[in-house]
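Here come two complexes built around chain A, the first alongside chain B, the second alongside chain C.
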Partner chain A sequence: MMEPMLRVQDLRTYFFTDQGVVKAVDGVSFEVNEGETLGIVGESGCGKTVTSLSVLGLLPEPPAQIMAGSSVKFLGDEIIGADEGRMRNLRGNKISMIFQEPMSSLNPVYSVGDQIAEVLRVHRRMGRKEARDEAIRLLDEVGIPAPDRRVAEYPHQLSGGMRQRVMIAMALSCEPKLLIADEPTTALDVTIQAQILELLEELSLSHGMAVLLITHDLGVVAEVCDRVVVMYAGQVIETGTVNEIFTEPAHPYTRGLLASLPSVTNSGRRLNSISGTVPNPVDWPRGCRFRERCPEAGDGCEEEQALVTLESAGRSSRCCKTEAVNLTGAG
Partner chain B sequence: MTRYIIRRLLSAIPLVLGIATIVFFAVNLAPGDPTLYFLSPGMTQDVIEQMRINFGLDQPVHVRYLRWLGAMLTGDFGHSISHSRPVLEVLVDFLPNTLILSACALFVAFLFGIIIGTIQAVRQYSIMDSAMSVVLLFFYSMPSFWLALMLILTLSLFARNVWDLPIWFPASGIVSVDYDFLTFGEKVRDRVMHLVLPTLSLALVLTAGIARYMRGSMLEVIRQDYVRTAKAKGLSEAVVVFKHALRNALIPVITLVGLYIPVLFSGTIFIETIFAWPGMGRTIYDAIFIRDYPLVMAGTFFFASMVVVANLIADVLYAVIDPRIRYE
Partner chain C sequence: MSDGFLVARRRWRVVSAALPGLPQLLTGRWGTGWTVLLTWLGCLWVLTARYERVIGALGGAWDQSLALVTLVVSLIVAWTWSWRDVSGSDRPLGIGVSQWDLAARAFSKNHTAVAGLIVIIALYLVALLTPLLAPYDPAFQGNLITERYVGLSTVHPLGTDNYARDVLSRLLYGARISLAIGFVAVSISVTIGTLLGAVAGFMGGIVDGLIMRFVDIVISFPRLVLLITIIGLFGSSIFMIVAVLGLTLWPGTARIVRGEVLSLREREFIQAATVLGYSKRRIILRHLIPNALGPVIVAATLGIGNTIVLEAGLSFLGLGVQPPTPSWGTMVAVGRDDLLGAWWLSTFPGLAIVFTVLAFNLVGDGLRDALDPRLRT
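After this line comes the complex of A and B, so read on.
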């Protein structure tokens, strides 16, 4: 089997606070292969953003700390604990990131052209003029009209969708192998959302770039992802292809999420909801972390649950009832 | 940008006229009479009356106001009673000294305040942060005239006579007695050496305030999303802090330029007295007690105008730093 481009293994990122140790990410493993789009889904507070920031080493330490034993390998090289110089060479160059809030992710006092050119000058050692021309070309590539005029404008002169396009242009500037997109469409309205997703899909294809898409929106996942990692309470609870996750969800939590989506076939009926809230990350419940909210909880759920591989290598679930449920689910 | 500056300049005109009016009435409504300065035994009431007529003090207040305003607009600030020469000449002699001192103090205060505040914010809760906080709080709490005396005691007197340091700073005046016999290079050095202690006395208190403010502003900015974006672009910490964060953090701090100018000018009154610095602060102080109306009014008017100018500069700096203001 080919070595995955990004292999995250047993990643544990804890925050040491006055209230106790917040185990935001508690033993997460997944892989991103060359050119694929992997979605990480989960509700707010499940640790998906912390996971992505840990990969690039962007969390402030302290209070955050990536615990010993965690491993993130990019193209075979361990990058947890790598020195700042090496990390800087990866960031914005080999691995780029775009964020949830395009309104606040761009620096308000520099023109968008300067902000894009900066990446080119640092990583590709371009001169002032060359970097500016390349910035204009990138703005054009991400579908910004009149890029030669927009290049001199400031973030406050652009709409949210435009700003996210600028962020994407910036992220693309050094032809990264991997783009981490942390809820890139959450802050945008629906039509703009679709445009941005389409753009991301198009660019990942044309640049052969893998995308790690973090979202809480299953609709987005269905639209653009190849494979899915479902997170809950700082852990991966299910993995599989988009098709597998949507047609045969193995974990009760995933089923709960899917049941809470509106669809054509259940229109007119009340949407399902998962009762309760995500438990406190300072003190995760013992055994299965979803137990208290799980409609199927019963014997065996007090035990710590392992991520069990199902029918194929990329298919796993962290539920002791997976197989039993699968049998009834198939009927 | 140019239009923005012109608009600000125009809006300053009524402000300055308003200041002139308030200054005039404040001084004239204050008790006391300038003729008392010339009073001597055996002087008859007639002489005093004649003197009042010569000074124009027999006229009603509104007539005097209009005359004064009219003359001032043509650049005539009248005749100083105590200095026995035109007010303008007195100003030309003393005002530059105060401006140099204030400008140096302001520059030093902002330079160090910004640097210290930034370092503190970037290394929040470190030992360095706490140590700097304690030192700054000390300077912030101490009155500047006391600081001035302590600086003289240590950096001038002890440095020269007790510790035998190779360098010590003069404690009074703006130049040494042998100034006229020095070469150009030595003259520059002499002036700079004389500036050090008065500048420090004024600047230390301001530095503490600015650093405190800067720390807070910087702490807020380094938690912003765009700072994380800058890091995610692979920029070094120095570029992230001093390019991306600093410029944003400076925006609220610029307000202090305008706010600290009056503090600085009132500070110069003490400092100029302590360091025998021939500046406007001391001159006005003396003029007030002699009831030298023309000089007090002109001096106060210039100080007040400087405050307006400082705020104007702050407004322009806002626009230079923040494009969102520029395009409004």
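After this line comes the complex of A and C, so read on.
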């Protein structure tokens, strides 16, 4: 089997605070293969963003600490504990990231062209003129009309969708192998969301770039992802391809998430919701962390749950009832 | 572009070439208009009325050369400014309007602030051109019997003092000292304060603690006592005054910048800069400081005013600029004894201080409004 481009293994990121140890990410493992789009889904506060920031080594230490035994391998090299110089060379160059809030992700005092050119000048050592031409080309590639004029525009003159496109152009400028997109469409309105997702998909295909898409929106996942990792309370609770997750969700939490989506069949009725909230990360419940909110909780749920591999290699679930449920589901 | 526009542009260009500033005045932009027109006419007047001195300045002392350069540069700048202004830019309207452009627009609508700015520009021009402008040498003494305490006259527009020196000439040379001290001292303090404040705010932790405790120590030093001590030890020189003022005024700037940086650091574009793999140096110098500059510019403008008052106060007490070098503070002090008999001795330098500081404060307030972050989007 081919070595995955990014392999995260048993990642534990704890925050040491006055209130206690916040186990924001507690033993997360997943892989991103070359060119694929992996979605990480979960409610707010389940550790998605901390996972991505840990991968890039962007969390301030202290209070954050990536615990011993955690491993993040990018193209076969361990990057946990890598020195700042190596990480800097990786960031923006091999791994890029775009953020949720395009309104504040661009520096207000420079024109967008200057900001894209800066990345090129830092990482690809381009000259002034060359960087500017490349910036115009990138703006064109991310679908900004009249790029030769827009290049002189300042962030406050652009709409949210345009700004997100500029962010994507900056992220793409060094042809990264991996793009981490943290809720890239949450702050945008629906029509723009669809355009941005389409753009990401297109670029991922044309550049052979893998995308790690972090979102709480299952609609987004269905649209662009190849595989999905569902996170809950700092753990991975289910993995699988998009098809598997949507047609045969194995974990009750995933089923809850899916049931709370509006669809054609339940139109006109009240949407389902998962009762309760994500538990306090200082003190995760013993046993299955979803137990208190789980409609199917019963015997065996007090035990610590292991991530069990199901029928295929990339398919797993962290629920002791998975098999039983699957049988009844099939029957 | 339409033919009508081109014809109009050609016409304005002719007007502008003949008398820079006039097109702006005629189209109601009096701020730019007066500045350019007065600079142009003033410099032309110096060139013609002080023709021999302009010639003599070639190869003269450094301040004469500086005055000559200022004269030529001002003429060129005034003329080309007006020309380019009426020519308009080729940039399409509404494209590439930076936050500085927006601030400049807001500032130009504030008439009192623009008036203050014109006064400041005029003051600095006059200060630089002083060797060409001043009717006498500031230390030149006339006949001590017949020419002391001469009132306002055509020979001595602002009269003479107790040593029969021309007050106008001393006032002009004094402007050089006051403005130079204010400008240089504030430049030093703003540079130090901005760098230290940005580093402290960005790095946080121990670095922040060390820098800010150092700031506390510098602030808790009584500045006047420090000044008197240093001047007592090393004697009073302009260099010393500038150094002491520059090296004690920076903590204010450092605190402002640190506060700004602390809030900027959490903004996503700074995170984005880290994600893009930029070095700390680049993030501080290119991304944090330009965004924290607004309040710094305001503080610096107000700071120049304060420094000028401070210097005048020191000189008034005899601790600052030493005679016979003219300074506004010293001149007020000298005139104090003769206030009833020769009112012009203290009045004109006093008014000069008031107007200069007022101008800096007006501009500072105008900048504060123009750079208000709430106006930004």
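One rule holds in what follows: the second predicted complex is superposed on the first by the 331 of 331 C-alpha atoms of A that agree within 3 Å, B and C clash if a C-alpha of one lies under 4 Å from a C-alpha of the other, contacts with A are read in each partner's own complex, and residues count from 1 in each chain.
The rule we apply is simple: a contact is a pair of C-beta atoms (placed from the backbone, for glycine too) under 8 Å apart; a residue touches a chain by one contact, two chains touch by 3 or more.
Keep in mind the model is a prediction, meaning the values are calculated, not measured.
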### Task
Could you classify chain B and chain C on chain A, in the superposed arrangement, as clash or fit?
clash
### Task
Answer with first, second, both or neither: which of chain B and chain C does A:Arg149 touch in the superposed model?
second
### Task
Give one of first, second, both or neither to describe whether A:Pro176 is in contact with chain B, with chain C, with both, or with none.
neither
### Query
Now for A:Met97: first (chain B), second (chain C), both, or neither, which partner does it touch?
both
### Task
Check the residue A:Pro281 against both partner chains and state whether it touches chain B (first), chain C (second), both, or neither.
neither
### Task
Would you check which partner chain A:Gly39 touches, where first means chain B only, second means chain C only, and both and neither mean what they say?
neither
### Query
Taking 5-13, 131-139 or 311-319 from chain C, which overlaps chain B after aligning chain A?
311-319
### Query
Where on chain A do the contacts from chain B and from chain C line up?
56, 58, 87-93, 96-97, 99, 101, 104-111, 118-119, 122-123, 154, 156-157, 167, 170
### Task
State the interface residues of chain A toward chain C in the complex, per the touch definition above.
56, 58, 87-93, 96-97, 99-101, 104-111, 118-119, 122-123, 149-150, 152-154, 156-157, 167, 170
### Message
Per the contact definition, I'd like the list of chain C residues that touch chain A in the complex.
### Response
91-92, 94-100, 267-269, 271-279, 282, 286-287, 290-291, 376-377
### Query
Within the complex, which stretch of chain B touches chain A?
224-226, 228-237, 244, 247-248, 321-324, 327
### Task
Using the touch definition up top, name the residues of chain A that touch chain B in the complex.
56, 58, 84, 87-93, 96-97, 99, 101, 104-111, 118-119, 122-123, 154, 156-157, 167, 170
